[in-house]
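After this come two complexes, each holding subunit A, first together with subunit B and then together with subunit C.
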Partner chain A sequence: MALIGQGALILALLIAVYAAGASLWAATGHDRRFLVSARHALWGIFALVLVADFIFLYALFTHDFSFKVVADTSSRSLPTVYLITAWWGSQAGSLLLWATILSAFSLLGLRSTRNVLGELQPWMVMVLSIILGFFLLLLVVPASPFVTQVALPDGNGLNPSLQNPYMALHPPSLYFGYVGLAIPFSLAMAAMLAGRTDARWVVASRRWTLAAWGFLGIGMLLGSHWAYTEVGWGGFWAWDPVENAALMPWLVATAFLHSVMVQERKGMLKVWNIALIAGAFALSIFGTFLTRSGILSSIHAFVETDIGWYFMVALAVLIAGSFALILWRLPLLKADQRMESIVSREATFLFNNLLLVGLAFAVLWGVVFPLVTEAIGQVRESVSTPFYEFFVIAFGLPLLLLMGIGPLIAWRRASLRQIRTTFLWPLIGGLVTGVVMVGFGLDSSWPGVAAGSICAFVTVTIISEFARGTAARHRVAGESWPIAFLHLIDRNRRRYGGYIVHLGVIMFVVGAVGASAYQTENQGLLKKGESLTVGSNVLTFEGVERAKGPNYTERAAILRVTSDGEEIGILRPAQRAYIREQTTSNEVAINTTLTQGDLFIILDGISADGAVRIKAFYKPVVGLLWLAGFLFAGGVILCVWPDRRERKRIAKRYSEETLPGES
Partner chain B sequence: MSETPTATPEQPKQGFRHVRLVVALVVASLLGTFAVYTAFADSSIPVLMVAQAQAYEGQTVRLEGKVTQSTGDAADPNGLRFTVKDYKGSETLPVIYNGAVPDAYKVGRDIVIDGTLKNGVFTAVPDTLVTKCPSKYTDKATTSDTKS
Partner chain C sequence: MLAALILAAIALAVVLFIAWPLVRPQTGADQLDPLTEGQRRRLALREERDLALQAIKELELDRSTNHIGDQDYNELVAEYRAQAAKAIAALDAEDPAASA
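Showing the complex of A and B:
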């Protein structure tokens, strides 16, 4: 069995090499039939990877512990659901998932761009084959899922932190995001190789970038919700390198999504866009590298692994290759127009880009800082939360402000009078919110007040955009208000979908500010009958309750919670001792009220005399942070959803357009 | 979305220069923020093994190692007392800790903790104990694949 799996992967690797060669042959104009052959080869790779998947999963489900990976990440007692999540619990397994998703996405990506970009296809096939080949090489040599050993009676089991429903959704969602970025990347590279540097590749890649970006975003949010409810240290984002690994490509892809609009519309920022998508994809490979190579613990750990070197070489090739291509095609990448004014839509996009890339760079610097210091001096230095928070505030607040300004400013050059009328109400909204916040004593955190005011400013601009559009339809087309509203969104899905995503971001920011800037925290050692106050809540300790689970014993602190004298209920933060694993786990108690926020209680310990150490947080409006995910996803889906009218428009535009060189 | 992007021969040169200046200023200020922050904010902390820690007596540092013995309770005023040993090597250091104990903490686990070394005892900053995940995935290296 293992032999068949390994054979399938080796064959797939060989075919990928062939596909790259054949498509290159076709692309250089030798024989177009090789393109057909190369595309068939991609189907072959997909089929072979599926064979490997099947064998791997079969081994997992039948507890075939002669497979080393299966023995390392599962056991007979592991629940069936987690046999699936054990797929990505191992290095080899997660790389296999990468390859599977990539080969499927390659086929889909080629299909979806076939009509728009016939002449880019061979180059795209080549780039995708090379990326596929790289991951297949990893699977064949340093990280084979089919390494066998003398079968053990039972496996080592799956890491307990991966035995969680979130782990069924969070990693695949991130992988969809990471891998999805390969499609726009391959299109960008193909466009340059073919010398077709107009906006066509941008138009064709838009949905893919959006979808990949959406998956990355949702994946991060899922991971963060898992951390909040399960890991239980009281936060939702720890600036852990593994988290940052997903955040960096997301930030750069966000910049890309905005700046491509400038290229589509104005023919500017061409080099910048190619650099951005190459950067986003490189960061997604870098993220996989970070989490897979062991470099995080130390440079020395990295030197000991093989896989790290493969990634290093791949990253070097990727970055050098993209750079060389850009240099080579520089004459073709000249902007069609120049930017005329800093008070224009394109300029706000540019500033948004600079801030996003700056933020991504700050995060990257934080991630590599320990490695750099270890390489230069002997001692590793590490940065932590304050470093990241500083840059989130310094770069994030202006970014947030641009979110309100950008959509209302005209392309090319905005007039002062226009600005005065459009921004009057949003400005009033922002100022009033700021004053009200200070009035309620929220000036304990000035960044918080600033964020709140800016959020109000942006919300008013977005709402007024919806209102203005709906009113215009109501007036001109005579539609009823709800119909006008729905038609408005339906006819301009991209624009209004974008606004909905923006609203999601605002909700997220409000939740995050509430949970960080305005959180109250209290802790104490409570004897029976004693109380602890956090926010307006009073927690009274009433005793310890013991319980026995299937494989653990639990001790819970019984806390009666009252708020302003009103009884809220009993909360029971607990500690579980897992007997066989010899670990304890904290079961936090969270009381969520939509209007109030979260009361988050951790039982830190129980002392010998029966007193409990309790840590309690009160986090206002933190619920918005999770609800924002739905708006975000809804907006993305609205933007990505196929649109017949748009397709016609694009087809028309490009049938009329002259070919480069003729103009 | 209707206009075809064709270059107009007469560019408003003045406006363009103006834009370029502002963009350059923005980039400069972003970079400046970096420079100023890294220069003035004491944002980084040395990450040390036990063998290196002696040289940093009295300073707040981040210690890495493996837990070898553990007694007491982090919820107790006397604190959780444990010994940290280097991954490779035999140097050990006693640690006193109060605060939250992560789920995965136990003897034999790799941990990271902030604190100050004084007179041979490492007094930890409360709530800074973090466990590194055991290497279940790779053969040779320790990956911290999930935070726990």
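Showing the complex of A and C:
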């Protein structure tokens, strides 16, 4: 079995090398047969990777512990659902998932952009084949999932914190995001290689960038919810390098999604956009490198493993190659127009870009700082949460403000009279919210008050945008209000889908500010019958309950919760001891009420005399964090959803130079 | 042995599939012609035309939602209309069917 899996991966690697060569020959020798052959090669790679997947999963599900990876990440007692998550629980398994998604996305990317690609197609196939070849090389040489050993009677089991339903969704979602960025990157590089720096690559890459960005965003949110409910330290974002690894490409891709609109409408920022998409993809590779090279535990661990060097070389080639291509094509990347006014929508997008990229660099510095200090001084020093919080406040608040200002200002230029009219209600909304927050005693955190005011400003802006647009359609087209509203969104999906995403971001910020700036906490050692107060909640300890799960034993503290004398119910924070894995985990207890927020309880320890150490938090409006995900996803889906009218218009525009037999 | 045979069968099928476009009888459509100067020019004109028409659509939405005043709207829309008309006229001059 292992022989078939390893053989399939070796063959896929050889075919990827062939596909890169064949597509290069198709592009330079103008031979369509080689292009078709290279496309067939991508299908072949996909089929071979599926063969490897099948064998890998078969070994996992049949508990074949002669496979080293299976023995390292699963056990006979592991529940079936977590056998699937064990796929990406190991380095080799996660790289196999990378290759699987990339081979599928390569085919989908070519298929979905076939009417637009023209001369870019062979170059795109070449770039995708090279990326695929790199990941297949990793799977064949330093991180093979098919390394065998003498079969063990049982495996070591899966890390307990990964035994959570969110782990079934969070890593694949992030992988869809990381890998999805390969498509716009390959299009941008194809445009450079072909010397076709017109709008074609932008048009072809837009939906892919949006989808990848959406998956990264949802993946991060799922990861936050996992950290909140499973890791059990009381927060949702720890500025852990693994979290930051996803945040950095997301920030740069956010910048790209905004600045690319300026290129589409004004023919400006062409170099900047190529650099952004190359940067976003390089950061997604860097993120995979961070999580898979062992460098996070120590520089020495990195030096001892081979895989880190493969990533270092790939990153160097990617960055140097992108830079060289931009330099080579610089004369073709001149802006068609100049910015007319600093008070224009394109100017707000430019400021937004500077802030987003600045924030991404701050996070990057926070991530690499420990590595730099260890490399130079042999002692690892790291930046802590205040470092990140400083930059989030310094860059994030102006970014939020721009989210409200941008939609109110027209492209090219805006008059003072128009600004007065459009800014009036949002400004009133922001100011009133600030005053009300101070009136309710929320001035304990001034950044919190500022964030609340700005969120109100942006919310009123977006609501007024929907209201104005609907009213205009109602007035001009004579449509009923609901029809006018639906048509407004349907005819301008990108614009109004974007506003819905912005509403999701605002909701997230309100939840995050509530959960961090305004949370209250208390902790104590409780004997039976003793109580602890947090916010308006009183927790009374009633005893310890023991239970047994499929692969763990559990001890839970029984806490009766009352609020203002009214009984809320019983909460059971617990600690689990995983037998096979020989480790423990905290199972937090959370009482969620939409209007009140979360009561979050951690069982920190049980002493010999039966007393329990309890840590309790009250987090107002934290539920908005998770609800924001639905708005965010809804907005992204609206933007990405195929638009028949747009497809027709683009097909007509590019019909003359579609490759023979492609349309 | 069986594993090696299965692997060999998969490899053979994949290699044949990849090689087929190269070994099948050649057709007239096998040449991947680069765009001519005329095609490139027409493509640039079509992009220019679409850009201007899109800008007009955006301006109309901005005007109806009060983001832009009458004077700015009139100036900008006239500019974009002239740009679109120029691109369409150039396309018509090259190939009347292409601009339709």
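Criterion: the second predicted complex is superposed on the first by the 617 of 663 C-alpha atoms of A that agree within 3 Å, B and C clash if a C-alpha of one lies under 4 Å from a C-alpha of the other, contacts with A are read in each partner's own complex, and residues count from 1 in each chain.
We adopt the following convention: a residue touches a chain if its C-beta (ideal position, glycine included) is under 8 Å from a C-beta of that chain, and two chains touch if they have at least 3 such contacts.
The model shown is predicted, which means the values in this text are computed figures rather than measured ones.
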(message) With both complexes overlaid on chain A, does A:R649 touch subunit B (first), subunit C (second), both or neither?
(response) both
(request) Return first, second, both or neither, reflecting whether A:M339 touches subunit B, subunit C, both chains, or no partner chain. (result) first
(request) Report for A:F369: first if it touches subunit B alone, second if subunit C alone, otherwise both or neither. (result) first
(request) Would you sort A:N492 into first (subunit B), second (subunit C), both or neither based on which partner it touches? (result) second
(request) In the overlay, answer first, second, both or neither for which of subunit B and subunit C A:L48 touches. (result) second
(message) Between subunit C and subunit B, which one touches more residues of subunit A when both complexes sit on the common chain A?
(response) B
(request) Tell me which partner A:L35 touches in the superposition: subunit B (first), subunit C (second), both or neither. (result) second
(message) Just checking: does A:W233 make contact with subunit B only, subunit C only, both, or neither of them? Give me first, second, both or neither.
(response) first
(message) Once chain A of both complexes is superposed, is A:Q418 in touch with subunit B (first), subunit C (second), both, or neither?
(response) second
(message) Taking the superposition on A as described, I'd like to know which of subunit B and subunit C A:I15 touches: first, second, both or neither.
(response) second
(request) Identify the overlap between the subunit B-contacting and the subunit C-contacting residues of subunit A. (result) 198-199, 264-265, 267, 413, 649, 653, 656-657
(request) Quick one: which bits of subunit A touch subunit B in the complex? Just the residue numbers, please. (result) 72-73, 89-91, 156, 159-162, 198-199, 227, 231-233, 238, 240-243, 264-267, 291-294, 296-297, 301-302, 304-305, 307, 336-342, 347, 350-351, 354-355, 358, 362, 365, 369-370, 373, 379-384, 386-387, 390-391, 394-395, 413, 525, 582-586, 602, 604-608, 611-613, 615, 649, 653, 656-657, 663
(request) Write out the stretch or stretches of subunit A touching subunit C in their complex. (result) 1, 3-4, 7-8, 11, 15, 18, 26-27, 30-37, 40-41, 43-44, 47-48, 51, 118-119, 122, 198-199, 264-265, 267, 408-415, 417-418, 421-422, 465, 468-469, 472-473, 475-476, 492, 495, 649, 653-654, 656-657, 659-661
(request) Would you mind writing out the residues of subunit B in touch with subunit A in their complex? (result) 1-2, 4-8, 11-12, 15-16, 18-19, 22-23, 26-27, 30, 33-34, 37, 41, 43-48, 52, 62, 73-77, 99-106, 132-134, 136-138, 140-148
(message) Under the definition above, what is the set of subunit C residues touching subunit A in their complex?
(response) 3-4, 6-7, 10-11, 14-15, 17-22, 26, 29-35, 39, 42-44, 46-47, 50-51, 54-55, 58-59, 61-62, 64-69, 71-72, 76, 98
